Every structure is written in C-alpha cells, then in structure tokens.
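Chain lettering (A, B, C, D, E, F and G) follows the sequence in which the chains are written, and residue indices restart at 1 in each chain.
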Amino acid sequence: MTVLTMAVNAGFLLVFLAVALGFIRLVRGPTMPDRVVALDMMTVAIVSFCGLMAVRSEVQAFLDVALALALVGFLATVALARFAERRRSRGQEGDG
Amino acid sequence: MNSVILRAGTRYLAGLLLVFSIYMLLRGHNEPGGGFIGGLIGATGFVLFAIACGTEDARRSLRVEPQAIAAVGLGIALLAGLAAALFGDDLFTGQWLFINATETEKGLPLSTVLVFDIGVYMVVLGSILTLVFAMEEEI
Amino acid sequence: MEALLAIAIGVLVTCSVYLMLARNVLRFIFGLVLISNAANLTIFTAGRLTLGSPPLIPEGAEAPAAEVANALPQALVLTAIVIGFGLFAFALVLVFRAYTSLGTLHTDDMRVAEPRETDKA
Amino acid sequence: MMDLLAAGLLLVGGALILVAGIGILRMPDVFIRMHASTKVGTLGSGLIMAGAAVHFGAPTVIFKAVLIVLFLLLTAPIGAHMISRAALRIGVEPWGVDTADKDPASQITDQDKTGV
Amino acid sequence: MGADTGSTAGNGWVGILPTIASAAIFAWFLGFIPAVADGQTPGWILDWVPSLGISVAFLVDGLALTFALLISGIGTLVFLYANSYLAGHPQFARFALFLFSFMLAMLGLVLADDLIALFVFWELTTITSYLLIGFGHETEKGRRSALQALFVTGFGALAMLAGFILLGNAAGTFRISEIIPQAGAIVAHPHYLAILILVLLGALTKSAQFPFHFWLPNAMAAPTPVSAFLHSATMVKAGVYLMARLHPALSGTEVWIWTLTVLGAITAVLASLLAMRQTDLKQALAYTTLMALGTLTMFLGQDSAYAMTAFATFLVVHSLYKAALFLVVGCIDHETGTREVEILGGLARLMPVTALAAALAAASMAGLPPFIGYIGKELIYAGSIAAVPSSVLVTGAALAANALMVGVAGVVAIGPFWRRAGGTMPKTPHEAPWPMLAGPVILAVAGTAFGIFPALLQGTLIDPTAGVLIGDFDKVKELKLWAGVNLPLYLSLATFALGFLLYGFAGRVRAGLAAADRATPTADPIWDDFLKGLKGLAAWQTRAIQTGVLRQYMFVTFATVFVTLAVTMVVRDAGLALPAFDTAEPLGIALVALIMLGAGLAAITADRITAMAALGVSGIGVAMVFIVFSAPDVAITQLMVETLVVVLVAVALLRLPRLESARQDFRPWDALLAVGVGAVVTVILLAVVAVPLDRRLSDYFEATAWPEAFGRNIVNVILVDFRALDTFGEIAVVVIAALAAYALLRTTRADDTEDSK
Amino acid sequence: MSWYLATPLALPFLTAVLAFLWRKRAAGRWISLLGNAFLLGAAGLLMVEVLREGVIAGQMGGWRAPFGITLVADYLGAVMVVITAITAFATALYAMGDIDEAKERLGYHALFNLLIAGVTGAFLTGDLFNLYVWFEVMLISSFGLLVLGGSRAQIDGGVKYVTLNLVSTILFLAGIGLLYGMTGTLNMADLALRVPQVENQGMVTVIAMLFMIAFGVKAAVFPLFFWLPAAYHTPAFSVSAVFAGLLTKVGVYALIRMFTLVFTGDTGFTHEILLWVAGFTMVTGVLGAAAQNEIRKILSFHIVSQIGYMILGLALYTPLGIVGAVFYLVHHIIVKANLFLIGGVVHRATGSTDLARIGGLYKAAPLLGVLFLIPAFSLAGFPPLSGFWAKYVIVAAALEDQGWVIAGVALAVGLLTIYSMTKIWAEAFWKKHPAGYEPELNRVSAAPRRWMLAPIAGLATLTMIIGLFPEPFVVFAETSAQQLLEPAGYITAVLGDAP
Amino acid sequence: MNTLAVNLLLAVLWSAFFGNFGLLVLGSGFVLAYLVMWLLQPLTGGPSPYFARVFYWIKLAILFLYELVVSSLQVLWDIVTPGYNARPAIIEVPLDVKSDAGILLVTNLISLTPGTLSLDVSEDRKTLSIHAMFADDPAAVCQTIKSGMEKWVIDAVEGRRA
C-alpha cells in the first residue's frame, strides 16, 4: 500500500467521520438553521469525497461530479434558509 | 428575497451556471454530462435567479414562457428522431456530419444525436422552470 | 457488496412504506422520495457493482481498456431518476393544492370524491 | 515526490473537513458552527482538490480543481449568509453575545427556532 | 293511456305499415303449410360466426310454422287493434317499432335452428319486451315491472346460454337439427343434468312457471295490445316453445318427466286459483295464461302421442281465445275506463259485437262444445290419462285447472256484459271502433270454426307440430268433437259442473281466495327483498372495501404485495440466497449506514425540516453509492435532482401545516407491514444477485459506442442513441409533469362548491 | 417497415407539441382533431401491414434487438393501437363541444395527445423498460387531465389516484430491475427466451407476481382497484371517457403480454391466481356498481367488474380464453368510453349525473336514449351487440375448461350488470324529471351537440357492427390468441431467425 | 465591470472548459456568452467602463489567502481544544463599497476568512452586520475590516478613491 493510497483511505475515513458528526448535529438541531448548516456541510464533504474518489480510481470524471455539486449544492441551502426565514415572516407561528 | 448579498451573488452565479450547463450539455457525449445534467444545471441558474430576485424578473429575463421552451424542446427532440426518415433510417437513428474531417481526425461532429440532446436540455430546463416558477408564485 | 446494498434497500423500502402508509400525505411524499431511491438502487444493484471504473472510453481507444461498470443500468437509473422527479414534482404540487383546496393533509378527512354516508345530503 | 505532496494535501484536507465536522457538532451556537463549516470545510475541500490536481498533474484536472475551489469560494459564503440571516431573523440568540436590547424578534417562541 | 285517444284515425302510415307488414308475413308463412304438411322442412343457413360454429340457420317445421303463424297472425290483428287503441299517442312510433321488433325477434326465435341464434332472438325478445312492458315508464310500478321481467327472464336466459354452450359442446354442434339425432348420446352425456337444468331455467323463467311465475301478472302494466301479444301467443310461450323444441333431444328421463310435470301441474293449479281471485279482468286473464303455460309444460313432460297432440292443439287453442279475450278486455277498458269486475256490467247492450266476441272466445276457453277449446280439453284429458308415471297427478291438476278456467271464463265473458253494473264506470261506453273489434272477432270466429271443422287444423298445423315432437306424423291423434263416451268425456262433464259451481259462487270464492292469498307468501315481495338484499350487500361491500380512506387503500395494496410475494416465495419454493458480505467495500458499508440512517430518521421524525434534511442525507448517500460504484452521470443527476426536490419542498412547505408528532403517529401494524415489504424486497434482491449477470447488452454497448455511435461516454450514448426512445419518453414525462403541475396550480376553481360534476 | 410502427407513436407527440404552442387559440383544438384523424390513418396503415405480415417489428435507432429498443406489433398490439386511435379521435371530436377555453389554455389538448402517445407506446413497444416509460407518460398525462378543472372532488380523487398509481409504478420499476438482474436483458422477446433458462424458477415466479401486482393496480383488479372508483367520476367527461376506455386496458394488455410471452413457466400457479383475481374482480366491481347512484360512479365500478372478464380470459390460458380476453378488450374500450361520453351529454342536458336529480330524458332526448341503450345493453352482454360475443366467448372458454364456478360467476355478474344499466336507464331516461331539482332540461345547444353526439353515434355504430358481424373480429382474435399462445412468430420477428 | 470584458472572460472560460483555445471554440464561446449576458440583462445595472486592475486583484488574492490560513488556525484551535475560547460579538460595519461585485466580494471574503462571518447587508447597502468569533474589542475588528478587506476590494473592483 503506497503512501498515497493510505492518505486516500485516511481521507475517506476523515470525511466520513465529518459526515457522521454532521448527521448527529442534524438529528440534534436544535434550531432549524443548525440542521441546515449540517446539510450544507455535507455538500462540501461530498465535493471532497469526489476528489478522493478521483485519486483513488485514477478517473478524472469524478471531478465533474464535484464541479457540478460545488456550483449547485448551495441552492438547497439557500432554499431551506429562505424557508426558515419566510415561514416566520408569513406568520406561520409554531409551524415548521 | 431581499438579500443584497444573494442578489449580488446571483448576478454572477446565474450566468456561470448557464454557461456551465451548456458546457455540460455539449461534452456529454464523451464525458459525464449531457442534456439532462445540462438542463438541470441550467434550470438551477434561473431557479436561483427566481429565489433571489423574484419570479417576475426571472421570467422577464427568460423572455419566453418556460412551458414553451419545454414544448419546443420536446418538438426538437422529436424532430431529431424523425430526421432519420429523410435518410431512410428507423426512428431515432443518429445522422452524423463531421466538419473538417481528415484522415486521422473525425473533425467536429454535428449530429441529430446532439440536436436530440439539445431538445432534452430545453425540456429539462423549461419543465423545471415551469414548476418552480409556478410554485414560487403560489407563496 | 451487492448483498449489503440489498439490505440497505430493504431498510429504505421499510422506511418508505411506513411513511407512505401515514395519514398525512406529506409523509407519503417523503416516502415517495425514499422509495424512488430504493427502486433506483435496486436497478443499479441488480446490474451489479463495479468499483471506481466508470463506463467511459478513453481518448484514442476504440473501447474501454479495462473492465468498466455496467453502463445499461446506469442509463436506466438515470432515466428513472428523472421520471421519478417528474412524478414527485406533480405529487408535491397535488398535495399542496389538496391542502389549499381541501384544507387538510390528512387523508382520512379527504372525503369529497367519496363522501361518507353521513355526508350525503 | 509529487505523490507525497498529494498525499499530504489529501490528509490535511481530510483532517480539516473532520475539524469542520467536529466544529459543527461541538461549537455552542449556529453562528460559530458556521464559522467552522463554511471556511474550515471549504479550505479542506480546497486542499483535497489541490491534492488531486497535484496527483493527476494534467492541465484539465488542474483547471477543474481550480474551478471547483472557486465555485465553493463563491457559493459557500452565500449559503452561510442565508443561514445566518435566517437564524437572526427567527431570533436565534448568538451564544455569548448580549443581544437583549437589539434583538429584532425577542418575543419569538422556542418552537419557531427549532422549526418543529 | 290511450283511453281518450282511441279512434279509427290511427297514427297514419306509422300505424298502418306494421299491420300490413305483419299480414304479409302471415300470408307468406301460410304458403309453407303444404310443404310442411307434406313433411318437408324448408330452411336457410347463413354463416354468422363460423369460427365459433355459429350460424343463422332457419328451419320451418310444423312446430316452427305453427308458432310463426300464431305470431304473425295475432301480430297483424294486434297491430290493427293498437293503431286505434293508441291513436295519436305521442310515442306511438316508438311503440310500434318496439312491438314490431319484438314480433320479428319472436319469429326468429321459433325459426332458428341454431342454439346460439335462438338465444340471440330470445334475448331480443327480452329487450323489446322490457321496453314494451316499461311503456308506462313514468310510474314507479311500470319501471318495477319492466325490470322484474327483464331480470327474471334475463337470469334464466344466462343460465340457458350456459346450457346451450354445454349442449353444443356435448353434441359438437349448435344446430338443433343436428343435435336431435344425437338424443341418445346427449341424454347419456355427463353434462346432461347440467344442460337440462340450465336450459329449463331459461324456459321456465320465460314462460313464468312456478316458482318464477310472479313476474307475469306484473307485466300487465303494459298497454293491452302488448299484453295480448306477449302473454297470449308469443313471449311467454317462447319458454314452452324451447321445451318443445328440445323435447326430442332431452326428454324421456326421470328428471325431465318429473320436473316438467310437477312444475307444470303446480303452475296450472296455482295460476287458476289466482285467476279466480282477481277482480281486474286483465290480471285474471294473465293468470289464466299461466295456467295454460303450466298445462303445456306438464304435457311436455310426457312422451305419449296423446300428450303431444294435446300439447299442439292446446297451444293453438289457447293462443286464439286468449288473444281474443285480451283484446276484448282492452276494448272494455278503452271504452269504460275500468277493468274492475265489481264495477263493470250491462255492456252487452252497449257493445254487442264485443260481447259476441267475448262469448265465443270464453266458450272456447271454458271448453264448451263445439268450440275448439272443447277439443283441446278432451285431448288434455286423453293425454293426462296416458301420462306415465304420473297419470293421477296430471289428471287431477288438469281437472282442477280446467274447472277453474270455466269459472274464469264466466267472470270475463258473462259478468261485464250480462250482469248489472256494480258501480259507475268512469266513461260512457259505446262500441269500440272497428279496427279494435276486428281482432277479437276474427280470433273468436276462428276458434269456433276450428271447433266445428277440426280437420282444418289437423292436417295443417297439429299433425306437423305434434309430429315433430313424436317424431312421426302418423302417430298424431285425431281431433274430434265427438270421440264417444269415454273417460275424457266424464272428466269434461265433471269440469263443467265444477266450473259452473265456481262461477255461481265467484264472489265468495274470490273473497276466500283473496284471504288465502294474503295469508300465503308469494314471490313478488321476495323480489323486493331480493333487490333490497342486493342493494344491502352492495352497500355493505362498498363500505367494507371502497371506504374512501386512502390509508386503508394503501395498506391493502402493500399488504397484497407482501402477502403475495411472501406466499409465492414459500409455495413456489424460491431458492433463497444468504447474503455474501465477503466482497463488501468499506466505503460501501459507510454509505449504506448513511443511507439507512437518513431513511430511518426521515421515517420517525416529526419535524419537517429534519425530515427533509434526512431525506437529503439519504439521497446524498445514494449519490455517493453511485460515485463509488462508477456512475458519475447518475451521481450528478441524483444530486441535482435532490437539490431541486429540496427547493420545491421548501417552497411548498411554506403553505403547508406542520406534521403531527411521531409518537402520536406511531402505527405498529403499518410498521410491521413495512418491515415485511422491506424484507421481501431484500430477499428477492439477494437471490437475484446471487448468480452472475449476463452482461452481453452492455458488452455490445461498450464495443459499439465509439466505433458506431461516436461517443465515449457509454451511458450518454445509451441515453441519446441506443435507447433514445426511452429518453424521449422520459423527457415527455418531465414536460407533462410540468404542464400538469402548472395546470393544477393555475386551474380555476370554478366548481369548488359543487362536489361532483 | 419500422415507420408503420413509429408513426402512430410519433404523431400524437407532434400533435401535442403543436397543440400546446397554439393552445391559446382555436387552432389548438383543430390541430388536436386533425392530428387524431392522422393517427387514425396511421393506425389503419399499421393494421393493414400487420394483417399482411403477421407480426412486424422495427428497431428504433437502427440498433438490432435485443440491444436497441424494438417496436413490435402483433395482432393484439395492432388492434389496440387502432382502437386507441378510434377512441382518441372520438374523444377529440367530443372535446370540441365539451372542453372549455380555460382548460384548453392550460394545455388540455397537449395533455390529451400525450396520454394517447403513452398509450400507443405501451401497446407498441417490445422492450420492458420502454414499456415502463410509456406507462409513465400515460400516467402523468392522466394525472394532469384528471385534475384539470381543479374542483375539490377532482383534487380529492386525484390524491388517491396519484398515490396508489405511484406505488404501482415503483413496483413495476423494481420488477424491471430485478428481472434484468436475473436475465441481463430488457427486450420482451429476448426475455421470453432467457427467463426459462434462469435456474431459480421459484424466484422468477415471485418476480412474476410482482409484475402481476404492478399491472394489477393499473388494470384495477381486486384488491387493488380502489383508485379507480375514487377518481373516475371527477374529471371532465371527455377525460373520464378516454380514461375509462383506455387506461385500465393498458394494464390488462401488459398482463396479457407478460403472462403469455414471458411468465409462462408456472401457469399452474400464476394463472390460477389470476383466475381467483378475475372472479373477485368481477363480483366486487359489479356489487360496487349496484351500490352507486351516480352515473359515472356506476360506470366506474363496472370498469372494474369487466376487467375481471378480461383477466378471466387470460387466466384460462386456453385459445378460446385468450380470444375472449382480446375480444372483450376491444369491445369494452368502445362501449365504456361511449357510455362516459353519453354521461357527459346527460350532464349537459340535466345539469347532473346524480340519478336522484335527473330524469325525463326518454321523452326529451329520445335519440340519446337509443344511443345510450346500444352501449348499455352491449355492456350488459345482450345480443346481438359486441358485448354478447365478448361474454359468450369468455363463458364458453370457462365452460370448455370445466370452470363451472367461474363461468357461473361470469354469468351472474352479467345479470347484475343488466341491473345497473337498467337502473341508469330507468332513472335518467324513464323516470320523470324529479320535482325539487331545477328542471334543467336545457337542450344542449346545436354546435356542441353535434360535436358530442357524432362520436357517440360513431362508437355506437361500431358496437353494432361488431355485434352483427362478429366473424372477422373473432377470426382476428383467434389469430391473435394463436400468436400469443405460440409466441415463436413474435420472437422471430423481433430477434431475427437466430436469436 | 465592462460588459465586453465579462463577455470575453466568459468566452475564455468557455475555451478553458474544453481545454482548447482554437478560434472556433473561442468564437462559439463569445457568441454563447453574448447570448447568456443578453439573457441576463435585467440583472446588470448598466455599463461601467473599467479597465482591469490586475495589480490590485493580485494583491487581494494574496492577502486573502494569507488571512484565510492564519485565522483558520485560530478557529481550528478553538474547535479542537476543550472549552470555548471564542468571545463572539455581532458587529455593524458601515460599508463604503457600492457595487454589487464589491459587496459580494467583501462579504464573501469576510465569511471565508475564519473568525468573521457576514450575516447580512442592510437594505440600503450601507451597513454590514458580521458575527465575529474573537471580538474582545468589536471596534478593532470593525476597523480591521474597513482598512483591510474592504479597502483591498475597493481598490481592486471599484478603483481607489481619494
């Protein structure tokens, strides 16, 4: 096992740990923005994941996935954040 | 959405997303991408636009109804398939034209397959925008 | 690996069926998203899994050099994802419209087309 | 040599992402969590992309890696802005900040924030 | 109904045309008499559905010809009569059309030599009679009667159809003339009993035999011409015709004999009693029709030449007098506005021609010499005495029925004309217009003429008809006014004695019978109970199944999935495979965990945002599976779609209410079912992946993608070239989803207040 | 040759696109009408070709089977396309008088033609995944058409219709994945060859049952039919007519196709189950109808009931049984679509289809009465109308197969069908218009009347023709049954001589 | 930013995507970018004649990267060490930068440099509120941003003002 392979495997492990921690935050909340942050972080994690995958399999194509996600992923965050905010401004109190 | 930051960002991101979407569309035959993915990304651009600046602006900059884009896209995809009839082939048989073909290089390919993919792109773009705009206007 | 995914799919199906059986149609929608994923994964898994070798033909080659992943299920899944999105989008809008016009998300109370005996004039 | 550099970049990048994850989990409020995720995460991602670029060495890969990082730099802060703005507006009180006198929506119930 | 419209003016061409047409048909059939009397059976065959062995085959033998002549002859008179009876009626054209169609269907029925063709005509008579009986459709009663007739005869017909199919299969042909020679084989066939019961169900319901007799009197709701036609000569006799037609093929067995004899006897006696009980003339006649049908059925149970001759004779006799009497009653009704025995009286002076016709027909019905009815009755007794093995039963029934018939004849023909009126009649009667008199007079006179000159009938109709049943013209018994002093003569005398007694005490008998009738359950209320039960069952089933509650629909659907697949797995011994984890990729394990965690969280959370985020996590996990296992295109698509799903849901949720808490919503049975479905899916998938996959499709794609389709991304080449049609359909789905959703959001809620359009 | 197959599929799409682009003008509806006229022509040409050749197949994209997608038409496929075109044309005519401008502007004609495209595709495709795609095209168009108008009943019915059908869709998709995983192919002819080679035949049966359930939902069989009576009475009349005629039949078609071509290895089990399903479907459907008092609800339950007959034909799996199923399929589409169209005219004339609120049509609209009686009595199985032959063949097949009980059930259900049809007749036509409800016998005005009655009369004529001259149709159905039971010809046409 | 410049930039970007700067690709990119920008006209306020300030851009980039790394470590330290070192505060920073691009750049850079996070810009574009993690002295943080990040951005994007 080369150094690179080990680094890649370690990278996967680290990224996964990050995702797992994010998941815990997602479950625990407590506020809506907390959950959104957790989801947002996962986007970044997948981008990294794609990079690692590209190195591991020697296939550039995985970077295309990262490229697309890097550009588009935040839209979900924007939509959710807007939801959190608008829901309140529309006066739907106590209604998530 | 009255966020100055989002609107400022959208100004650049929307353009970027559109250009990127067309790039994804055109390279799709050889690398990851294609009409679906391109259309999805392109739609994201306008969706962002609609979220940031409202659907009214987004519709105005789109100029045509998104439904029409989708319908025309479907028509284009169909015509790409029907074109095979002119060459005596079966429906959806790809017709290829290689510009600047040389002995070693195939040249720049133009094909009904690409036209088909452009139709797919328009359909996905138009349809998603139809949906999102209509929903946005409900709230 | 396929076996593992088979179990994951089973869990996905379990969760989605449970959601789809709920009284609240919004939960049905959530279940729909999940079960679509399950169906797509089913096709993908049934086409067998290949690690890190996308079905691409390198520049200059006539065919993939090494063994690449099964392309057909990928194309099918891609199609199914997009179709699933279309269906989902409509279902969501329907649920939305159902709430604005029937005033409820609870299917037990959706009795306009098939009124209760007591509802009848 | 290049492999070692790439390996290092990947490792550090991965570690940063984990730090971002830890930050998200253990930092006291949503704003500070965002500090962790938005930038440490982005930086980590950037390093991983750099690692990939170094590993492949091909111009297209380098270009793609740069683009990915650029895209993240462009979008991540906007996302963070949207979240924090929402958090502020629904009355999430920043940890360690005395906001009693300038909170625009101090009368908001807990449920609003949790979004149940 | 036509009470205030009757005149000789009629209905123009619409009124006259069917009369002329019927007369022409009658004349045409008359032309067959010499040939048929000579033993010939002219016929036509038209291949209809040769691939199913069905032809429109017609055959004119004695039985068919007798019926055809009765149908077209009486039909002519009825049309003549109806044109006046319903003169100027706004729906006369429809009426005439239905009635004429009915007549044609009846003719087809009796001439058909193919079981299926016969059935077709049979059902045509059902439909047309439904429309005719329902002529008074604006009353609840009219509609009820029409439905009852349709339903009861329809029930029989369907049974009969099954019987015909079995009979056809047993004989290898639907042609009746080819079936009859195989009588021996058919009677011995294992399906014989089924065939017999099914066919008899058709015949007995149509001819309103006990216990299906209840629909016939109700069917009197129809206008008089219809009653006269349907219930004297035609439709109800279709059942009798069928039994006669199949007599050569099916008779002679114990089942046949006892079923027909007993049911016929019961019907005959019961109907006679019920006839005596009526105060409405038309109802009384309706029941006497039943009596006749019972008698005819009873004779068809037999095999003797006497019985067959009696059958043929009584068939003709009854048609003549019954049609005449129905028409007479119609005249009375038309002129006086009532049919009540208690009210009517003294009409002989005001309506002398009607009175004469009534007298002649009633005399025939009572079996007085020298009318044809007398000959008929003598033959009935002769046949009864010859009956084996039930001579006493048949004779007793015949005696009782005939005596009652005498009484009824008196009620119908003497009371209204010669007695003093019992009340004020709604209208001032005078003689009916001539077209309405023509029918009864001609029929009554014919009855008299045939009585005096029975030979007119013997050679032309009776011999060929009875000959068909016996199988030999020469064995047919002779029709004689005076057959010497014998047992039938004594029985006749006894009949008269009893009959006159009954008429003498008609009022008291009626009262007694009415009391008895009220005390005995009849089938008519059972009909209502049946309908009520049907509706109740239907409502119960609908309540139980189509509950209107989506949750139950969904539960049943998934339960069906689970039970079916699980049971199939066990019953069909599906080879199961144990999961093989040896090749599990660590990355994959982590992803699988992520997917399951996301899904599980989505399933149990009560927070919408958590649910959405959890779905997102699960979706991301799926996307990562696609990445790890070499599907970048799919992964991108999955991620884009996940993003759009979040966007759309986030918009929609803005106006939707929050979820109820999960604990509140916990549903153990649903959970159990969900686990079951999930487990089944896993088990199947494990079995599927346990054996290697045949990859030749993808091998082909890999080999041809670049050389032939000029693309390096094989997935994309599949999408836009190899399987472009899929992709085209798929984008169509996307367009339609968008258009449909748009339409749904923008559609105007015009009828929000109106629940169902 | 492949264009014989491709044209009926491509035409409705073209029509839909053009009709959509011109949806805001009258041109849209004329485009739809014209397009459907062309479709009728194309379907006719296809039929002629199929009659000449037996089975024809075309490889889309020029990729030979089983690699590309094959369109294929045997007798069954061709006749389904023709009958689809007939129904579509009739409904398009009817829509000229029935559909208001608001619906047109929202794309009614586009959705309608896309529905037809999906139906046609489903009948023509020889590829299982492609079948899924056409199912989806059909399904999503039907969603749109169902809720167009947006009344509360439509939304409510729509929720049930959509959710339950989505479940079926997912099952179908999963089934395809699993079957592919077992055989490595999607081409139905190829599947016919590969499925018997699978070692684990027990699991094949399990997957067959999965398909049976998926298609069973579409076909609305017991106990999966809930969505149909919940929704079919709610949309515009031309919509429910085309739904009633075509949609469930696609499910039946798919069942017939899969359970004669692919899943024939365990007929002792699968077809026995179909037999039970058929019986329960017939009975529950007809009893459901007996409980209803609204014309479209009655008719909807009868769809269920009559699907049972078709399933029965398939379940018997004898030549005569399949003949009956095919004949029934064709007959029922024409008749049931027509009855719903008539329901629309009744609604126009009286303002309701609730039997308690209407009446007097026999006097007011005698022509409509005749036009109603023809399909109604045909549905009830009275000779000499098409329904008689359909029922006759099915019952004969059941009796031939010694299925005494099921034959009895089929006959009894026929009787109860008579009950329902006469209920409509007695209440809507014979009964006087009830007091208390506005006597809305406002005769339908001339122009819509023509558009609405013409297709009704046309379909009624067709019913009569099939009834009076059944021989060619029976012969056709026999050939069709032969092709289905001995699929060698089908397989050769698709895969060539050396598969 | 000049429309033409954006146009050219997009065209180059386009060519870069393909890794091919041939005339055909570049030309098609130009046309495409033109179309896209035409499409997005409602977004762009109007033409702003401007010549690239390459120098300030490079300076901005370098300073930003330095900030990013240095203060990342600061945040990282707080995360990985037990307890919380942070002294957070919400600070209102008056904004001088005017253009969309400038505001976006300032806010994004502030967010990306650890320790500060842009929360929102007021409707009138005059104030930026930020969340600072280590704000013992809010005024100092504000001053750092004014003289640091914002100044560099104004230099690069809007041109140095007196």
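One rule holds in what follows: a residue touches a chain if its C-beta (ideal position, glycine included) is under 8 Å from a C-beta of that chain, and two chains touch if they have at least 3 such contacts.
Please read all numbers here as calculations on a predicted model, not as lab measurements.
Among the remaining chains, those touching chain C as well as chain F are B, E. The most distant chain from chain A, with centres taken as the mean of CA atoms, is E. Contact count check for B-F and D-G (C-beta pairs in contact): higher for D-G.
In this assembly, the C-alpha centroid of chain B lies 24 Å from the C-alpha centroid of chain C. Averaged C-alpha coordinates put the centre of chain B at 61 Å from the centre of chain E. With each centre defined as the average position of its C-alpha atoms, the distance from chain C to chain G rounds to 40 Å. Residue positions of chain D with contacts to 2 or more other chains are 22, 34, 38, 42, 60, 71, 74-76, 78, 80-82, 84-85, 114-116. Residue positions 3, 5-6, 9, 12-13, 16, 20, 30-33, 36-37, 40-41, 44, 47, 51, 67, 71, 74, 78, 81, 91-92, 94, 124, 127, 131, 134-135, 138-139 of chain B each touch two or more of the other chains. Shared interface positions of chain C, defined as residues touching 2 or more other chains, are 20, 25, 28, 38, 42, 44-48, 51-54, 56, 72, 76, 78-79, 82-83, 86-87, 89-90, 93-97, 100-101, 107, 110-114. Interface residues of chain G facing chain D in the complex, by the touch rule stated above, are 16, 19, 68-69, 72, 75-76, 79-80, 84, 86-90, 107-115, 117-120, 129, 131, 133. Residues 54, 56, 78, 82, 86, 89, 93, 96, 100 of chain C are the ones that touch chain B when the two sit in their complex.
Contacts from chain B toward chain D in the complex involve residues 3, 5-6, 9, 12-13, 16. Within the complex formed with chain B, the residues of chain E that make contact are 632-633, 636-637, 640-641, 643-644, 647-648, 651-652, 654-655, 709-713, 716-717, 719-721, 724-725, 727-728, 731-732, 734-735, 737-739, 741-742, 745-746.
Within the complex formed with chain B, the residues of chain D that make contact are 71, 74-75, 78, 81-82, 85.
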